[in-house]
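Once you scroll down, you'll see the structures, which are given as structure tokens.
There are two complexes below, and they share subunit A, which is joined by subunit B in the first and by subunit C in the second.
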Partner chain A sequence: MADTHSVIGTKNKKGQTYTDTWKMMNEAPRTPSFFTGSEVIKEAIRRASCDVMIAYPITPQSEAAALIGELFAEGYIGDYFRGESEFAVMSQCAGASFGGARVFTTTAGPGTMRAMENFPMWAGARLPIQMIVTCRGINSPLSIQPDTLEIAYLLNTGMLVWHAETAQDFFDWILKGYIVSEEPDVHLPLALCCDGFFVTHTKDVVNLTPADMCLPPYDPYRSPVPCMDMECPPVRMMRDPFVMKSNYISYATHASWQQEIWAAVERSRKHTIHWLNGLVDTENTDADIVIVASGTAVSQGREAIRMLEDEGVRCGLVKVKALRPWPEEEIREATKNAKHIFVPEFNVTGWLAKEIRATVPNHQRVHAGPHVCGGMTMPPEIIVSEIKTTLGMKTFSLAGRGS
Partner chain B sequence: MSEYRVLPGPEHFLPPAAASMGIRLPNPGEAHINGVIASEEKAYEEAARQFLMAKVPTIFPGPLVLWAWNEKAAKKATAIRHLFNTLKECVQPGQKPMLIPMPDYRPKYPKINPEVEINPNHPNLTIWHNKIDCCMFVGVHCHQANLSLKIIRGGTSCYTIAMCAQAGHEDAMLSFRDASVEKIMKLADTVKRLKGTVQPRLSAKNGGAN
Partner chain C sequence: MSKERIQISEALYDIMPSDYQDLVKSATYGKEDRGWKDIGTSKELIEQHSLCAGCPESMAFRYILASLPNPEDTVMVGSTGCTSLVFPMVAVHNIHSLFGNQNAIASGLKRALSVRFPGRVKDVVVLAGDGATVDIGLDMTLQAWFRQEKFTTICFDNELYANTGGQESGLMQKGFVAKMAPVGKLFDKVRLPEIARESGCHYVVNCTVSKPSLVEKVIRNAVHVAREIGPTYLQLYTPCILEIGKNSMEGLQEMRDSEKPTERFAYKEYISEPAKQLLAELAAKDKERKAAAKQLAGQASA
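Then we have the complex of A and B:
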């Protein structure tokens, strides 16, 4: 039986030292490294004491699955194999997690959608699997370009959903994500999302923790449900599924079960605030205009704010880091002074703006946009233009060349 | 802070999860009473008082303490037996302490035998049948305990206590966290200390769970 605390300071088979996570993330020296987002995922997993990684590496959205195969060859991952489809991968992840393993996988776009049935199952079974979602287009005609529409589908699965802006976020949050999602009062899967290509394929300077330090191992005996062994296989939980019975108590139990999943999402709030230093980051929220964004739209928003400042327009910024748990109070507080709230997004439906409209008073303040999708970039000029148009200021058309 | 309070029911056709109503779990060294963070000392007193007031104070030990799967579990089981024996010694005539196990979590059809066990999917059957008006969960996996605690709050007036080995339970009316042999023994000591100082609810009007 593993005891997380008793192994701190001891070494694993690769010579890495199991390290107190807070010390590793906040006090250990960092080494600046120039990596793609996919390489950063590999470096985080090298330090994550992962037992199993299951891959369906067909998507060109990220090289992470293949790179983690290299980690397996080097001996850093307990087991690694390829499933025959995304659905199979996510089901196999469930099996590994039921068995008490720390599990990692990646997906994107249509793969996320194909595997979707598994995500509420993971949450319902309280499996703390971590899934990287390197978002790409999901609709036909297919696209491998960045588009965050798939996040909208993950929001009501019962998974924790975080949205990284940069490769640095990605590195840190992969490691911190395991700690939050494995807390016994949480114990839920985490969808750690980023905007594909922008984060996965571009290089950035990322400050890495020492490679000879790693997370303490997962302790499945702290799970809020029994982990699988020969005495208590998961089929015992499922042998008389509630769906097969039509009576009040079976409905009430299933209802209570669903409530418990969302209660666990709520409980993750405290731990997420602790590890991510808040569910949101804010700047200049006393301004009349505030941009609220997640993912790389935050970076574009930040640049738009700099450009607007040059023209004498002061703008605040709210970076939404966690989407589940949803930072309702934080967003309400950060936008209380705003006359206009702009929500730039890399998707066609504007799911983040809808969430914010449902959160803040006087929701007519929320301007859902600008939007781009299908892999388009979002030049900060179009955010500037949207804000200036709303303010009645003269602006320009970025797309047109005029006559 | 949330204005919601975790109180004996029957609360609702489908009561909410207390966490969704803004109730937060205690930090290490704390407990909660009715959803309000309290000192452990206060929680020992209140839990003991509730046990001594109840007509049928009952302990529900779960699989984590029913099987000697490690040394700690075996010691906890001994401590729980000691708590039960203490309850029996400290109650007045007419009070009936019970020890009813939750051996596993399978839904059981057509129904469980409420004389001999409690099941997280059917907890009210055991509460109603035995007229249990105060119970303590110990050694039950957290997810299953929360399922049960919500159903009990929804449909009965039973006072619920959780002696949780992890982070605690908002869905109980009183919850300890990081339960250990020492904490169980301390609760037994508190029951012994308060013996004779608490008036039991023995009238037909107030006795037993709805």
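Then we have the complex of A and C:
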């Protein structure tokens, strides 16, 4: 059985050195590079020692998925192919993961929805697959624009769900994500989400780790469930199939396994805090007003805070990095002084505000908004306006509202 | 390998389940000419199952598991249905994940095993019912063949959805009255063997499981061709005696009746040119091995 520690310092076939992940991420020199989010995904995967990547075109993740193909052609990935649909691709990812491979895939919007049946299965089968979700609209009529509604559907699958704000988050979290996902006491899939286009298609300066360093390879024998490779053959997996026995033992088995999946999500908390330096980032949480957001809504919130400061209104910020595990204690602590909590979101239902309302005491403090959706941008002015209106301050008129 | 991977620590031997002890003592992992004749004289790779009494599917399972040429390095992929009640009893790694995605799972699995074990044989065999193969999973069945994925697809064709209680399926005969086909099925049995050939399968057989020797032959051929050349497909009639109104002891006769030359399960096969060549080579090697063994036996007795 492979011991990941023993390969540290040795080279892979591309001449990259398997490097201790903490050193690679926190101590190795970084090179500033000007890349699109899609290119950043490619650069992270170049360093991720992936065995299998399976691709399918859907805007806005197609470019990233195709760029990983270039990595395969260059020899950085064991195997790569285009599947026939997202449902099939996520099953192909499952097959590869059952077989002991480190697996990567990307999807978006309707693709996430089409593949949905696979995600609780991934979690239940303890497959530490990493899936990038470049969120886009899932409504009808057809939309390809940025919209984060699909994240709401991922929150109860048993997957780990992280929401990146910037391309830099993306680069670091792809690599760190594998380490958290593959911990034996976690061993769950990770949906690493970002807001499509805003992150994937814009260029940003990203500090990259050295290209000649890569993650230690995945060791499937650290899994809490058997790797399906017949290297350690089974006798039989169980005496009675649990699938459709209507008896207490069957129910108890399913119930305890579901509880175990969510216990594993909980156990990921300590690893996530360690690698992401906390499940949330906070600024000025002693202020009366706190903005809580995830994804690019954080950037817009930050800009709104700067604008409000110019007018003498002090605002705090909570950037929610991990949605599963959910930073319940952190959000309570960070909002304990707040009289008003604003939750700007890029979706119509305000799923993040609902989560926060269920988390904090005196939930009438939570203002679910502003919301934009369907590809609308969120100018910081509308966050400022929402806050000022709530505070009874005079604010500018928004065009078309007739106010 | 033979059985070294399943040896039991001496300290734990007496507390291990007897079926595990039996596997270590007398299963046929690693036996070169393993086949259906081992049934009854060695430990089978299937334990007691929960299928209906007399279900032809249970016969098919036993023959197939006895005939896999390389069970010690074979991973099977199943789907939802009656087969998923049996797989937990099988001493070969097997995956159940969802309904209908078996050929997608197998595609990812085969590729992962090829990446992780270069130069070693790791066979992948899909075994699913007709609903999984032809209806809900047809897309993934065909696409795996188009891509020339190197694994075997076995369809247990019982011409209906058995596990959910006998509903119409694509492989059901036209006119058959069933649940969800209240006035009889309105379209023909889907011709998947022909579709398999056109989709790039290199070895396709349509037959029943009435003859264990025939099942052994087609399983060995299908696995060898898939390992070396490309996708293979076996469609095996395993009638659901319950849903077609037969008794426990009538399954075998039902299969015999359905495999007559004019019937829908008359033996049909398609073998591509490269597969023909491979099978001829394997047959020649087999003949050579048997002749050598015979000669050796002759010398020993002389």
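Convention: the second predicted complex is superposed on the first by the 383 of 403 C-alpha atoms of A that agree within 3 Å, B and C clash if a C-alpha of one lies under 4 Å from a C-alpha of the other, contacts with A are read in each partner's own complex, and residues count from 1 in each chain.
Here, a residue touches a chain if its C-beta (ideal position, glycine included) is under 8 Å from a C-beta of that chain, and two chains touch if they have at least 3 such contacts.
The shown structure was predicted, so the numbers you read here are calculated from the model rather than taken from an experiment.
Q: Report for A:D51: first if it touches subunit B alone, second if subunit C alone, otherwise both or neither.
A: After superposing on A, A:D51 lies in contact with subunit C but is clear of subunit B.
Q: Have a look at where A:G83 lands relative to subunit B and subunit C in the superposition and call it first, second, both or neither.
A: second
Q: Return first, second, both or neither, reflecting whether A:P184 touches subunit B, subunit C, both chains, or no partner chain.
A: The answer is first: A:P184 touches subunit B but not subunit C.
Q: Should A:P226 be classified as contacting the first partner (subunit B), the second (subunit C), both, or neither?
A: both
Q: Report for A:A96: first if it touches subunit B alone, second if subunit C alone, otherwise both or neither.
A: In the superposition, A:A96 contacts subunit C only.
Q: Under the stated touch criterion, name the partner, subunit B or subunit C, that contacts more residues in subunit A.
A: The partner that reaches more residues of subunit A in the superposed model: C.
Q: State whether A:E74 touches subunit B only (first), subunit C only (second), both chains, or neither.
A: Touch partners of A:E74: none, neither subunit B nor subunit C.
Q: Of the residues on subunit A, which ones does subunit B touch that subunit C also touches?
A: After superposing on chain A, subunit A residues 226, 232, 236-237, 239-241 contact both subunit B and subunit C.
Q: Going by the contact rule set out above, which residues of subunit A touch subunit C in the complex?
A: 51-52, 54, 78-79, 81, 83-85, 87-89, 91-101, 103, 117-118, 121, 125, 226, 228-241, 243-244
Q: Can you check the complex and tell me which residues of subunit A touch subunit B?
A: Those residues of subunit A that touch subunit B are 1, 126, 183-185, 187, 222-226, 232, 236-237, 239-242, 245, 249-250, 252-253, 255-257, 259-260, 262-264, 266-267, 270.
Q: So in the complex, which bits of subunit B are touching subunit A?
A: 14, 16-20, 24-25, 63, 70, 104-109, 120-122, 124, 141-144, 146-148, 150-151, 154, 166-168, 170-171
Q: Write out the stretch or stretches of subunit C touching subunit A in their complex.
A: 5-6, 17, 19-20, 23, 29, 47, 50, 72-75, 77, 80, 84-85, 87-95, 97-98, 101, 104-117, 122, 139-140, 143, 147
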